[in-house]
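Next come two complexes built around chain A: one with chain B, the other with chain C.
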Partner chain A sequence: MPARSALRRFAAGFGRLPLKAKIGIAILSLFILVAIIGPAIAPYDPFANTTQATPGAPNGQHLLGTSATGGDILSQMLVGTRPTVILGLVTGLVATALSVVVGTAAGYLGGYADEILSLFSNVILVLPALPLLVVILGYLPHTGEVATAIVLSALGWPWGARVIRAQTLSMRNRDFVLAAREVGERPLRIILFELLPNQIGLIAASFVGTVLYAILTSVALAFIGVTNLNSWNYGVILYWAQNGSAVELGAWWWYVFPGLAVALLGMSLVLINFGLDELSNPRLRSSRVMNRIGRRSWRPADPTPVIREGMEAAL
Partner chain B sequence: MRFIARRLAFYVAAVWAAVTVNFLIPRVMPGNAVDAILGKFQNLTPAVVKALEIQFGVGHKGSLVSQYFQYWNNVLHFNLGISTSQYPTHVSTIIGQTLPWTLALVGVATVLSFAIGTLLGVLAAWRRGGWLDRALPALTLLQATPYFFLALLVIYLFAIKLQWLPYGQGYALGLSPGLNWAFIHSAIQHSILPALTIIATSIGGWMLQMRNVMLTTISEDYILVAQAKGLSTRRVMFTYGARNAILPNIAGFALSLGFVVAGALVMEIVFSYPGVGLTLYNAVTSNDYPLLQGIFLVISLTVLTASLLADIAYAFADPRARSRSAF
Partner chain C sequence: MSTPDALPSATATPVLEISGLDIAYRSEAGEVRAVRGVDLDLHPGKIVGLAGESGCGKSTLAYGAVRLLRPPAIVTGGSVVYRGRRLSAGHPDGFDVLAAGDAELRRLRWREIAIVFQSAMNALNPVLRISEQLLDGIRAHLEISDEQARDRARELIEMVGIKPERLNAYPHELSGGMRQRVMIAMALAVEPEVVIMDEPTTGLDVVVQKEILRETMALKDQLGFAVLFITHDLSLLLEIADRVVVMYAGQVVESAPTSAVRHGGIHPYTRGLLGSFPRLRGPRVQLTGIPGTPPDLRGELPGCPFHARCAFAQDACLQIDMRVQAVNGAEPGQLSACPFVAPGQPLPEGAVTSGSKLTVPAEGDAQPSGELVLSGQGLRKDYRGGRRGEVVSAVKGVDLELHRGRVVALVGESGSGKSTIAKLLSGQERLTGGEILLDGKQIDPSTRSHFRAYKKDVQMVFQDPFASLNPLHTVRYHLQRALKLHGARTGRGHAVADVERLLEQVSLTPTTKFRDAYPHELSGGQRQRVSIARALAAEPRVLLADEPVSMLDVSIRLEILDLISELRSRYQLAILYITHDIASARYFADEILVMHHGEIVERGPAEQLVQNPTHPYTQLLIASSPDPDTFAVQEDAPEPGHQVDGVGKEGPGR
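For the complex of A and B:
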């Protein structure tokens, strides 16, 4: 049965991942689950207002407390997860696609095309992104998720493009690429079927990094109020908390829970990237595995330890 | 010095891009400065509206090219227009008052974070598997925390609960800025918590990168030779190892500056620190477009200058950069 064997292969592949990546993927999956079912299981209407004038501490009715106007924080977070996650993933996809196109084009074509594309991406990279985002989005009359995702993608691709360009550059003169060229394959085919499959790890890492950038930046933008305040995401909740002087009032639940959610979401992405790093660079593997091999800390003069298949699984 | 010449050319291009983007945004985007004022003061006569439009350069007289040269002329004379929210103060005056606060705070905190993070990275790599190395993942996870969230926690814990340090504003009320001890003391006290927030969130990145490069460096043969010669550990660690491993960190400094500055700007808002970040926030909330654009321009130029300095430092640290052109 092909379906089951594919599932088993997937499970086996997951089992081989470093521990950090497993934890990261587990947390991220939880957030994606909440993004899907969150609005359906929210106990209250997140926009609901009551006449109360002070934020209410967490209690049986409101598990994570309420805002100053009586809005249920848990419901706001459950509803707000979806826009936050979707914005991050969409921006990650678009920006990574752009960086793959620009990176491989610059690396493979070389010459003036490379010079111009590299100059372009480096200029975008050194310009401070947040003030630029604020200026652009500040001019747009209806700053919503779509506008934010477009501008974030337009500014978020150069980092990945740089890395992918460097990798393409180092691969374009390897034997298998030269052989493909010798056989007479077209450049597009060489890029798609010879170069890209060898960069999957790099592209994945760049995607995860971009999603992290998109989530943190969009939350920061919403926190300053550069967003559509009529919808919910983590940044908007934090905006109202700051606006309602939650810190001065001691209403810690108002900003700690949404803030922790952002931190946890970001942490899962950082963990996944750590895992991807370790997967491609054995020297960075967890020191616990190293300890298990040598039963002591690894010293600089020692040879690089060899990690056999299955040792990480023992972790 | 071909390397530095190349980098200089690059930064000229970057400055050109920053100014040009700033020129184009208000001409491409809907909405303008006069609309923002009209929103604030209703019932203005058409003559007043006309006068305002002339004053803010709305309506864009002349061809795009002549406007563009006029704009460059203004920028070179630090004439960034007039703020609409603090009318009729010049944008350059407002930025002149707030920029020193941000420069001092973010500059000192960033340099400290870079220096301490790099040093800790060296130590973590040297004692691989030691306690510092094992604490590293926890530190880098702070990177995933939004700056402002950490800032909120720090304020709640140290300023409100424990009341160790003040927060809000750059100095205590009733003091006048100047070179006297009371003011300097108060200003330093007010900057400790914001600085700690910047350091805590950015130190992990420097540390991780330094550690990873250092791990690769210390497995090189020349490190083994140095140890075999009987050189002191400190000499091997710093002169042989760190000296070579630090290059990517310096190169990365220029590129990550934008992120650090962005985080610091938002942090200022939380602390009500009287810097550019807080001004940016006020400009956003009051739709003060001239001020927004002026701030973007000044922050860009500052970041570009700092990046250029980092690149020059790189050229001095890496002999290869001086001899061949580098990407």
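For the complex of A and C:
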């Protein structure tokens, strides 16, 4: 019984979300599903090679075509979804956790702690991330998802940390925080129970943004070959497509389908982010919905509408 | 100032005529009918004051009448007709504001009807010089050469009492009062015939407020525009308005010549408002206040909307038609929406019990003073700041003593250092000099080792009840945490019953209704009660109250002060009441300290200090406070403002 009511609450909560968030969550769920069951339903071994010398166009046996060596693109994508999604989520979690810790500590403690933490995050913020990643990952002995996730997390937190620090700073001197101090709450409790719950929207948005950054960067890294080419992800497919001169051969399926998958995944995250934005800032929502009065919509600069009784239909 | 009220007779045509205006806000939860069939006329050279509590629709009415409200606000009925000299040729029957299009309205706004907005800080663009902002407006509405426009700007800025050199300043370089004067200059730039002033002096200190009002009156007499003056402060209107219109729940409940209101309004709501203001002069009269909260404006309100809070309420109230009309025994032109209550009719029996307990104590109100709990000696606080790292002293050696069962009021204007004293005494800020003594022992409350022990005895109530409760926690959470932390200190456990006890102490009953409420579900007064309950959880001996009522509506203020006063006597609390309002200090405090530029300039028993202020600054403060009773006396009295060492005229911001 409790399980069902929890489910119902969850469904009700989902129903209240803005449309953008719903679409985003639906697409993301699809990717997560594929990440879970993809390898099991892949029709071919993604590593399978044939003697074939040219990429094969989509057909009944290979729905998304094959690579130049005869590898099935659909299978490669189905298998490659899991590392891509896991890498994004893990990096998002670690980087967001780091940014929350650093951001709230810097904002709440202030003084020298703030100076030092801010300096640290600013330095990392101005490092050119991609070249640095290429250099670091190029020299790591076992380049793979774990190494990539660690390095991406280490470079991905400062942006969120700055935003959260700014929010903490503005909230630190709010009366309710001062009042909690008056009551005698300890700093850690104030941070955990008074400050953080008020920043959930911000933290969630920062998490979604970081996941997107991690996915796009990992794909870019794989594309230029800075990854373990023995495991599949969207970037690796693109790397092989590039290596196999897919564009010159006119083998569009080789790069369009994985490219589309990256774009869709990215779009779902962006949509969720927009949705979260609307959720935490109701004005974004109402400005569009409520300005439709009568049969026309009103710009904010328009004079106050005059709608007398019974005039509604005439507008 | 005001001629014996030349009442708008039928022959005089109003320059702006609002009749039967209905304005609603549409929302998913239904229509909020914020303004309901309001009639209002503005006449040239006259000031109409619009008073009422927050949410009564006074600003909505004013902005709606010039169609400045944004959707989801809509005008649902009525008419607004403007009859200006300059537009009379094109509109012989008057300019129908509600039928006008965008382009026509642009000609009307500012040129014919100008608005002075409440917050001058936000209404001025921070990155443009004052001159640029003035010139922008002049050029948009008048076709004149640059040279002429510049002359006009200089003329305007001098007109409102600012030196023309200041035209090159940026808004942040001007004080609040000067910024508001700039706003007035901008509003008058193209000689409008109607000026709408929306709380133009709210947030300014009383001395500056007084000056700006005087200047506005002089300009009105000189230029002959009509003024719609919106404020929540009825006593202010009694000083400047020719006619007072009181709104409640979107409807006009009383419209009367100011002199009539000064002698006491007719409508019970007007009387309640008048009875809510502590007076500065004359004997201390019984304050009544208005218990309860305004009604929900969604849907229909049958009969009189004030019914639920009215001491005179009867069954017939639900049947009446809310139209202001002449009442038997009223002065000419005095209209009230209440057909049952005659002018001067005494409050019915039992009404006083719901009113304030801040009654007049016996003569010589020096109560036997309890033991000394907390004292500050030579308190100093310097802030290092500014670009050149100069030191600013916010508090320059202040002594004060808080005794059990006594209220000490610290009165001063913004920037006088009074809030800094609260921060020092509560341990939020570290002392630069001097010492704090608790029970005669020196203590530094800002150090971590002392802070928690100190909090057991000294608690604080914050100014803004909307900010001092975490929006994500329930009332129960707030109180339970306070109880738990306090229980841990005393080694005594806490029980659920304790939460109930706290709620009962601050009269939030029935407790089941408030226990699990979130802050946003409570009104301002209720939130402030929760704040007070939280402070009481530690069973303190000292309560620091930093402007505990300044963010609340006039009618609610008394209730909260009453509550604090009652707690004072019940628990023998020592209270420091920090306020800018010397009149409330007179009623509420035993002793008043007047603070100016970080120093205490005068101190004494409350009544004595208010009656016979000796320091020039105290005298100025009292002379500037709006007070309905002293209007006639004040009329031609010399203004002390300009004789006191620079306190009358504000200095520039830097």
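In this text, the second predicted complex is superposed on the first by the 287 of 315 C-alpha atoms of A that agree within 3 Å, B and C clash if a C-alpha of one lies under 4 Å from a C-alpha of the other, contacts with A are read in each partner's own complex, and residues count from 1 in each chain.
One rule holds for everything that comes next: a residue touches a chain if its C-beta (ideal position, glycine included) is under 8 Å from a C-beta of that chain, and two chains touch if they have at least 3 such contacts.
Note that the coordinates shown come from a computational prediction; the quantities given were computed from them, not determined experimentally.
Q: Which partner does A:252 reach: the first (chain B), the second (chain C), both, or neither?
A: A:252 sits against chain B, while chain C stays out of touch.
Q: Return first, second, both or neither, reflecting whether A:7 touches chain B, chain C, both chains, or no partner chain.
A: Neither: A:7 stays clear of chain B and chain C.
Q: Which partner, once the models are overlaid, touches more of chain A's residues, chain C or chain B?
A: Higher number of touched chain A residues: B.
Q: Mind working out whether A:185 is in touch with chain B, chain C, both or neither, as first, second, both or neither?
A: Second partner only, chain C.
Q: Should A:20 be classified as contacting the first partner (chain B), the second (chain C), both, or neither?
A: first
Q: Kindly list the residues of chain A that each of chain B and chain C touches, one partner per complex.
A: Residues 290-291, 298, 300, 304 of chain A touch both chain B and chain C.
Q: For the complex, give me every residue of chain C touching chain A.
A: Listed in rising order, the residues are 23, 26-27, 63-64, 67-77, 98-102, 105, 426, 428, 452, 455, 459-460, 462-464, 467-473, 481-482, 485-486, 489, 531, 534-535, 537-538.
Q: Quick check on the complex: what are the chain A residues that touch chain C?
A: Going through chain A, the ones touching chain C are 174-176, 178-185, 193-194, 197-198, 286, 290-291, 293, 298, 300, 302-309.
Q: Show which residues of chain B lie in contact with chain A when the two form their complex.
A: 10-11, 13-14, 17-18, 21-22, 25-26, 29-31, 126-130, 133-134, 137, 140-141, 143-149, 152-153, 155-156, 160, 212, 215-216, 218-219, 223-224, 227, 236, 241, 254-255, 257-259, 261-263, 265-266, 269-270, 280-281, 284-285, 287, 289, 292-293, 295-296, 299-300, 303-304, 307, 327
Q: List the residues on chain A that touch chain B in their complex, please.
A: 20, 118-119, 122-123, 125-132, 134-136, 138-141, 166, 212, 216-217, 219-220, 223-226, 238, 241-242, 246-248, 250, 252, 255-256, 259-260, 262-263, 265-267, 269-271, 274, 281, 283-284, 287-288, 290-291, 297-301, 304
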